[in-house]
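The chains carry the letters A, B, C, D, E and F, assigned in the order they are written, with residues numbered from 1 in each.
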Amino acid sequence: MNDAYAVYPGSFDPVTYGHLDLIKRALSIFDGVTVAIAKNIGKKPLFTLSERLGMMQQATRSMKRVKVEPFDGLVVDYVRRKKAKVVIRGLRMISDFEYEFQMALTNRKLDRRVETIFLMPSENYAYLSSRLIKEAAALGARVSDFVPPFVERRLKEKLRRK
Amino acid sequence: MNDAYAVYPGSFDPVTYGHLDLIKRALSIFDGVTVAIAKNIGKKPLFTLSERLGMMQQATRSMKRVKVEPFDGLVVDYVRRKKAKVVIRGLRMISDFEYEFQMALTNRKLDRRVETIFLMPSENYAYLSSRLIKEAAALGARVSDFVPPFVERRLKEKLRRK
Amino acid sequence: MNDAYAVYPGSFDPVTYGHLDLIKRALSIFDGVTVAIAKNIGKKPLFTLSERLGMMQQATRSMKRVKVEPFDGLVVDYVRRKKAKVVIRGLRMISDFEYEFQMALTNRKLDRRVETIFLMPSENYAYLSSRLIKEAAALGARVSDFVPPFVERRLKEKLRRK
Amino acid sequence: MNDAYAVYPGSFDPVTYGHLDLIKRALSIFDGVTVAIAKNIGKKPLFTLSERLGMMQQATRSMKRVKVEPFDGLVVDYVRRKKAKVVIRGLRMISDFEYEFQMALTNRKLDRRVETIFLMPSENYAYLSSRLIKEAAALGARVSDFVPPFVERRLKEKLRRK
Amino acid sequence: MNDAYAVYPGSFDPVTYGHLDLIKRALSIFDGVTVAIAKNIGKKPLFTLSERLGMMQQATRSMKRVKVEPFDGLVVDYVRRKKAKVVIRGLRMISDFEYEFQMALTNRKLDRRVETIFLMPSENYAYLSSRLIKEAAALGARVSDFVPPFVERRLKEKLRRK
Amino acid sequence: MNDAYAVYPGSFDPVTYGHLDLIKRALSIFDGVTVAIAKNIGKKPLFTLSERLGMMQQATRSMKRVKVEPFDGLVVDYVRRKKAKVVIRGLRMISDFEYEFQMALTNRKLDRRVETIFLMPSENYAYLSSRLIKEAAALGARVSDFVPPFVERRLKEKLRRK
């Protein structure tokens, strides 16, 4: 039953505890979740597509029913090719809501059969953003409360080399 | 598989095209939807519980896989008794978001196993609210764009008698 | 040319400097402004309809091209009867925006020919609300920064008698 | 040095872990905090003034430098009488922000010498509201995650008797 | 009567059905509308000024009382030179509101005689943004629901050449 | 007593009347305020660090108990080195709130001992932003309502040379 699979698209640059919390919540509802990592994102990513894929795979290793894949082009086209119908997005704060609402309505116009559903992350991660974590790490902060240990190491290596 | 059933709680005083749009979207994702109509709501409802149940049943008559039931007490207790795990809510606008966010987090604290997911109604119903419809109808407005014809008639009868 | 007249509906319980600022702005755009004072408003008003009319008339006495009238029923019906096309509303803050947006879209559905436009009050009045002023006056505050002197006197008399 | 004392006004109907979290944060900044419990609040409170005072006193018993007092009338007048200058408010969510912003600006107009500052509660309490807790308790929910044990007991007794 | 003319400034990169909907609404209120296309915009536009002018002219060809012009420098200076007094802006969503509010207040400080009014686009275009349309088109989406056919063709040509 | 000192961090590119209003408010609460000017900010600043320091020093010359310093790295580390505990931020509008909330929660995770408090600027500066002022000045606007005269001159010189 393909309908019971959900697609969770994003740039995941890098994966945070907030993303992982959301994937677990989605797994409690759907038979499986495909994490779809965008090849091209608006701004230049810190990590390459292959690094972002690798980190997500490592972070979700212990979760059954999770697949990690790259994608290119429109989310709705990807969802259709996967014969899925549901896109999952996290809803953290108001500014999120605005952007997400606009995206979801645009996606709906592009393909009426794809439905976007919103999940709320744990309140402990309600304020997490990959951007803030990268900024904090670049300034020397310990970010072990925000990302898995191996991601923190990767962040440090990456930012040192820059 | 009970997990694939979702509960859509509310006061539905009365049912609007916005509610029906949301139920259809939920049916495209879940195996079934139980519309749970709250017996007691904060403010005094215009329609009795039995009237609200009757109107929702009539409005969803043609939809398979929809059950309409009254409920009393906590939403999370009802969901657990139904052996369901998912609560559905519509997300129309910012003010919605605030209240819904607060409710969903409170429900999560009350029962960690119940997950709330948010769906977006069609942009044509993004501004609909039962309250505004009742106000408009009370002032003599035609509300046929907002509610099914039989609900419009019931609204008129009810408001005339007041 | 009736189109150049605008209707400014509200409860004005009582009129504030924020309302008067908005009327002046509207007069700089339109040939005339009709202030339409709602007979019935959701919550019980502090001042009677006739008191609210009287205070608004006194406050706008020096402004040419302003008419003050009571109205009952739907705003859009009133606007149509006046052969006007434009409804004016002030936009103070976010919460305003939500409610106003919902109202304006509902009104548009009720009559497509009526257009709502939004004006911004002076930043000095961006936070004024009749409700807060009444609450403050009831607790003994001087409200001379918020309402004309004669309105402040009327507020005091009214609240003393309660 | 009176200036280093801050006033934390509210209805506290009843006190929650969110309020207590805020008081602790304020104590890390100010020499002392006076919790000022409003005698009259807009809507009828569930607990009497004396019950609300008693519960707050019990909940803050172990905190030095906290005083609990009733107040009546305008917050700014109370602050002035106390020879304090700072009002503390918690900022949980957007809707809060709107209302708080409006209140703080009105208070500033009423007395320019009183400054309102905003603190952020722990993210664990970011969604707590006395209203939601009362609603949940009335429907039979355990609210031990939200309020101290003795407050939970008082809520149950109060709601049973209703 | 110059006052009855309104100026609708923007980058229009490219014109969307949302913009055209707003122009029609403005025409129902004002004697004429001048669409003022900004020469320099913050980020580099996809289309040149002359292309943006050409597309807007073609899209508004059938509308009498619409003029399309380029402008450079401050909006308020342009409005004054045109002997107009009213600036029109669309208000789609919250994030809009913030930015627009800030802009309008800044413009008011720069020239007190220029008034900004806000109109609401049709709910069918409430989520449209030139940016999202360009992103979607760049990823291969059909955007015929969002822009006139000739604009869709121009978007495809432009994005192919990039 | 170091605790009574507060740190006001920012890019101040350039200092505006809004910033100065906030510093004065903070001085009414705290024994002293250290304005900490960020060396590196996300986007390239218009003014160099040394220019931003100089302008802030000149603008706060008459205020006792204000220190102006550059800082690099994490705000929380700087605050700790200064043996201070309080970070001050201005809260102008909703979009501010979102970002500020996220920042403050991230900072709290990085160092639990640092508390962020929010102050409201005067309503006359509620809409001011360094970005909008730079944009307006670049287009030839007089910005004397927004910044001190010597800053206006510096803005003109800087923008002429570009």
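In the analysis below, a contact is a pair of C-beta atoms (placed from the backbone, for glycine too) under 8 Å apart; a residue touches a chain by one contact, two chains touch by 3 or more.
Since we're looking at a predicted model, the values are computed, not measured.
> Chains in contact with chain B and with chain F: which ones?
Of all the chains present, those in contact with both chain B and chain F are A, C, D, E.
> Farthest chain from chain F, going by the mean of C-alpha atoms per chain?
Centre of mass proxy via C-alpha means gives B as farthest from chain F.
> Would the interface of chain B with chain E count as same or different, where same needs over half of all numbers used to appear in both copies?
Over half of the interface numbering overlaps between copies: same.
> If I superpose the C-alpha trace of chain B onto chain C, what rotation angle comes out, expressed in steps of 5 degrees from 0 to 180?
The best-fit rotation has an angle of 120 degrees.
> Would you kindly say which chain has the C-alpha centre located farthest from the C-alpha centre of chain D?
Following the centroid criterion, the farthest chain would be E.
> Please tell me the distance, in whole Å, between the geometric centres of chain D and chain E computed from their C-alpha atoms.
The mean C-alpha positions of chain D and chain E differ by 47 Å.
> Compute the distance, rounded to whole Å, between the mean C-alpha positions of chain A and chain B.
Roughly 30 Å separates the two chain centres.
> Could you tell me the distance, in whole angstrom, between the mean C-alpha positions of chain A and chain D?
It comes to 38 Å between the two C-alpha centres.
> Tell me, which residues of chain D touch at least two other chains?
Touching at least two other chains: 94-95, 101, 105, 123, 127.
> According to the definition of touch, which chains form touching pairs?
A-B, A-D, A-E, A-F, B-C, B-D, B-E, C-D, C-E, C-F, D-F, E-F
> Can you list the chain A residues touching chain D in their complex?
Contacts found on chain A: 94, 123-124, 126-127.
> Would you pull the chain D residues touching chain C in the complex into a rising list?
These residues of chain D touch chain C: 42, 73-74, 76-77, 94-95, 98-99, 101-103, 105-106, 109-110.
> Of all residues in chain F, which touch chain E in the complex?
93-95, 127, 129, 132-133, 135-136, 139-142, 145-146
> Which part of chain E faces chain C closely enough to touch in the complex?
It is residues 3-4, 25, 28-29, 85-86, 91, 94, 97, 101, 104-105, 108, 113, 115-120, 123 of chain E that touch chain C.
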